[in-house]
């Protein structure tokens, strides 16, 4: 059993990160957290998380950026909003998770080969390309990029879907693709402008 | 025998009604004519501007000026009269507070000219000709006064000593003012020469006014069969009497029409319209905004209603553009 | 009655049966659905992890197109329903994001005013069509059938605009109108695992398993869902669940399929053959 | 004297004004450059003295003003300091001490309205100058006024017969004042009468409360009206007229001795109807008494369940059984009027409705109880004689107490209800003692601040009660493991351990929080006092005037003001009684002279003002045809002054010219 | 420098003035642009006061009273509401933009609302820009000050002005 040091120094904190987190949509109430843990208790996935949502909230507001961004927790959030509905301080936990996911992708610190961030990026790419998502192509793409072996385990499901006519290998596309691209590009340009 | 006191009458932006009012003195006018020398009265006598200009300063005992001030010519005249006269009496609602002409302060000068010379139905002016202050015609330069951007009361242009209220002032208050002046029994400068108490005091309908009006609706005179005895406000009509100075002996209510406020406010009130609103609307029936609004909708033109004779003296003076 | 219809990607793919049954039921009820012209993906949950403003802009394009007609939008997929509604609310609450998004939409000649109402078919069936009208169309009631009504998360959370957040009842009422019995199901609004079932099955499968197992324990012959992803997770992964936990063998159908059956529509037109776990038990007795 | 000063004028015709600005330590001077403001004020027209001083409200500060008034022949006084609600009276007295009429004074609020709410020093200083200038302009127009003195009625009304009302009534009665105690329910005692033991001492609630209840009943100075409600309050401090409705209990109170023969004789042989006092866990008959020590000890008949009321065909065996003929089926509501000088509101609280947290399963799972229900269950005189049993009669082996139900939650009530931690500890102790069950407390924070409270927590810890720090997400009956089958499962994050737990129990106790009474808003309107955002009655000052309200002569005590436990409630009730005594023993009150009056010769008699007065202080003199204001009745709102269409009504201290000059002042240069 | 609006507020003693005191006691921070004039009841506020404040240079006027049903004087705030609804229409007709005059109900417990309202109003009035009625009055009256020059140039011998 490896022995690790658990203590943290003040220098390990990143105050800017904490400020950033509270400035995100949904993060306004982050500092109101009373650490009651109802978010963790109601979360159907907290049993798999490395930090419970409650702990993650506390880490975020204290500015422990590395722990937060590299945690599995943010990727295991399934966006079921149970925590947001239960929170006695009206903290929009789900939206905070989204903000943390975006930041993790931006900084490239998400767990490598972990399928969810890859899915998110592929999803975005597919929308830019076609305007719609073909689930079959998305899943194939995803497993090619992450885990060949797991893909194989899915063949049963694939066959089932084919049998019931629920699978298609042709991308479904919108007609006015440039219209959509104009919108997305405008936001991209706007973002760089904001950054400047 | 010493000279009789010299008196000047002048009119600015007015309808002529104030002149009528002087004539309405009927036989009393003879007493006036007997007592004074009229040195200027454009509506009735042929004096020229030069005649007055030639007079020494303060040589005129009293100048009665009616009408509001809208043009540079009116402005020039009243400055001159102020200089020549010992006492200037602002005569009638227009001179006192802008009167009906001041309702034009709700509009821009340009909009008014455009309407009058271009858009008004019946106008045939394809070249969109507008009056000019100066025009050369066959070598002669013709001038017209400048039309100001807003209508002013007389005291917004020159100092005024006394005010005779009304649209027009009634013969009774004119006569008592003239008598007071002739007798040298003048009150403090700046006084309005009519009782400083609101109109209900002398209204015959006063006793029929209930303590609690509890109005849930406002009506306009043409919408109701007006009860000739009952308080007009109690009938849902906008009667400005409570916010209007008395002295007219409630002429309009006696004629079965609501007071429209031509005598202006009492000395304790700066803004007649605002004060009337404060009074009458405080006690309408509804409590919810939308219900209140429904009652207010019964008064489609608040400014025209509450400032019919006094927009120049509204605290805000005119509409901003 | 006429509505705009936003199918979303799933209803054109793995959730085909939902679209087939939904359109069939609405047609039978005399409600016209007009598909939104050239709609694009709503952004679902995944896009929010990429870019917030763009995610709202995806919804914004659909809403802007929809706004041209003065009709409510029906979004049957829970992710689409929430995605579009959340975008509406966020754009209303956050003027700075709204400004960015409207500017971007303007770049493509689109205008967004936030006028459209995005609604779920359950809402429309209960509140516009009405239970009475539906009851009149029930031709062969599903007597003796017992179902677990399963709503999933995103139609009652975080907003609960047409049903109770903790104990939603609209589907219960429809199923009861169809003559079926509802089992008491405390997991009505628990998460099915969402996209995790596919991406991280070691985590997601357990969530699906808990729901299926509890439905079975409570005596349901099928789980009835309102969401294509719930249906996909609960139906499609049962072989893997059997391997990891135990075999449950529980059919998972759409509420529109059940309703359609009771209205006398055929299993084929309702897409009942598209279930991976055979839904024949639902057809028993007809 | 003031009037002498009034005519002394400066060469420019302005009265001589003294201007003072307070540092308030650094409270004002930390943000506002007071010296600069003083210098600025010195240049304002009329100002002959301008000073800044560390603490104007201190004795030397006040003395300085008095001295200056004499030395500099000041005719007007302006003090820039805190809110007039705090120190206006102080400086009025200082003016009087210097020989100036107190109303030749104007206060400028530069603390609450400037230094405390602004950070930008320059802007705050500029604001202080504007406000100072406004006061200097305004004060010129001030007039000499005198306060009116009005006698105070020595009788007191106490509303609410819980422990707060009982204690306040007894305190006043013992001081020799006549008190009427009005209680809505059929007995006094309130919530405390339903409790079993009290924390942290575990003495029995009944043992300490019932002697006080009987003392109320027997006190010669107390009139006790139960089953009664105040329906109307008129008048003003020292002179309130109160209307009380006495609801019919269908039993003549003076005749009934509480022998309860009628209850035995009732045609219902067995109690059949849910018993409100026992939270519905017990049963009663249509004729009943809440509990044996109810005060007054008078039975009552519930017309909703009594056969006679429902059908008119009962054989009325209760009436027959009563020797004293106390039962009166024709009793009607009575309306009584009272004259009192002061009123104490002690209307208490209600508990949070647990059904508003549906995920805790109250009303859905029979094993879920509220704390009040458990109070009755563990009570030896309760429906189970103190046995802790489930609704099906079984004994629980494990009990979970969920804290903060309807507290500390923005979805329900934001506030901490203050008493739930302690009563949960108490119930945990009692449940364990009575049943031997495993008891789990699910808490967010344990708030045990109070004398011997922490020690009580220690005691519970040592008794082996479980404490799991975490807010429970759900009480449910779906099982994941064989041990969970047939149990209620609580899902919670054990936040101290850092993981989620599922805890199966047989009984769940919801520690529901305290809320304002359902009709608190109506009551406060009736008594013309305020409520805070959360709906509890608003005290005049959170620290310095905790039992006063913004309406003089009306005091508040107990949980109607905010959640509090018994010791705090009793302390506050004593304080409220003391404040009422201060008012009564002063014998008279001084009324602010900010009344309005009609200037007779200016009034045209249009009556516009008459209906505007909510106190009917304005009448129309039919002989003179003028409106007249009765200044004793006038409360000084100024609505009539604003509305008089001919400007013929003046409000003292708020005359038109005073306000116009203030407007000019704040905006001037 | 950006424009700093001047806002005159009339606060009723029992609710809004108390709320402003509470905001102070709670050390809430808000924009320093508001000057409060205390009245006993919002019902004391005469529409003339509002107009006068604008005329004397206010860029905005805020009127604060107790919530409907909560008036310390029973119904004073309803009287305020009714007359101010009418005043609102008149101000609009006179060209004063929406948002420069505002009526808010703020109870004695709502210190926070004072802060929010003041900040919001300051922001909105700042966006509207200066009203500056005194400046406008001066501007308007320029046309009558210029007369002398005008008339003199036309007929210099004829006119001799008193002013």
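As written, the chain order gives the labels A, B, C, D and E, with residue 1 at the start of each chain.
The working rule: contacts are C-beta pairs under 8 Å (C-beta built on N, C-alpha and C of every residue); 3 or more make two chains touch, one makes a residue touch a chain.
Given the structure is predicted, the values throughout are model-derived calculations rather than measurements.
Visitor: So which chains are sitting against chain B and chain D at once?
Guide: Correct list: E.
Visitor: In this assembly, which chains make contact with chain A and also with chain C?
Guide: Touching chain A and chain C alike, sorted by label: D.
Visitor: Moving only from a chain to one it touches, give the least number of moves from chain A to chain D.
Guide: The distance in steps between these two chains is 1.
Visitor: From the C-alpha centres, identify the chain that is farthest from chain C.
Guide: It is B.
Visitor: Taking each chain's centre as the mean of its CA atoms, which one is farthest from the centre of chain A?
Guide: Of all chains, B has its centre farthest from that of chain A.
Visitor: Quick one: chain C and chain D, Cα centre-to-centre, how many Å?
Guide: Roughly 50 Å, centre to centre.
Visitor: I'd like to verify one number: the distance from the centre of chain B to the centre of chain C, where each centre is the average of its C-alpha atoms, in whole angstrom.
Guide: Computed value for the inter-centroid distance: 72 Å.
Visitor: Can you list the residues of chain A that touch 2 or more other chains?
Guide: As it turns out, chain A has residues touching two or more other chains at 82.
Visitor: Out of chain B, which residues touch more than one other chain, so two or more?
Guide: Residues 269-270, 275, 278, 282-283 of chain B each touch two or more of the other chains.
Visitor: What positions in chain C touch 2 or more of the other chains?
Guide: none
Visitor: Per the touch rule above, enumerate the chain pairs that touch, sorted by label.
Guide: Pairwise, the chains that meet the contact rule are A-C, A-D, B-D, B-E, C-D, D-E.
Visitor: Sort out for me which residues of chain A touch chain C in the complex.
Guide: The touching residues are 25, 44-45, 48, 76, 78-82, 84-85, 92, 94, 98-99, 101-102, 105, 115-117, 119-121, 123-124, 127, 131-136, 139, 142, 150, 153-154, 156-157, 160-161, 163-168, 172, 174-176, 178-180, 182-188, 190-191.
Visitor: Show which residues of chain A lie in contact with chain D when the two form their complex.
Guide: Chain A reaches chain D through residues 34-43, 46-47, 52, 54-55, 82, 86, 88-90.
Visitor: Mind pulling up the chain B residues that touch chain E in the complex?
Guide: Against chain E, chain B makes touches at 49-50, 53, 72, 75-76, 79-80, 82-83, 106, 143, 146, 148-150, 152, 157-158, 269-271, 273-275, 277-278, 281-284, 286-287, 289, 292-293, 296, 299, 302-303, 306, 314-321.
Visitor: Applying the document's contact rule, which stretches of chain E touch chain B when the two form their complex?
Guide: Residue list for chain E touching chain B: 43, 46-48, 50-52, 54-55, 68, 78-79, 81-83, 85-87, 89-91, 93-96, 133, 136-137, 140, 143-144, 147, 150-151, 154, 158-163.
Visitor: What part of chain D is in contact with chain A in the complex they form?
Guide: Per the touch definition, chain D meets chain A at residues 359, 404, 408-411, 444-445, 469-474, 491-495, 498-500.
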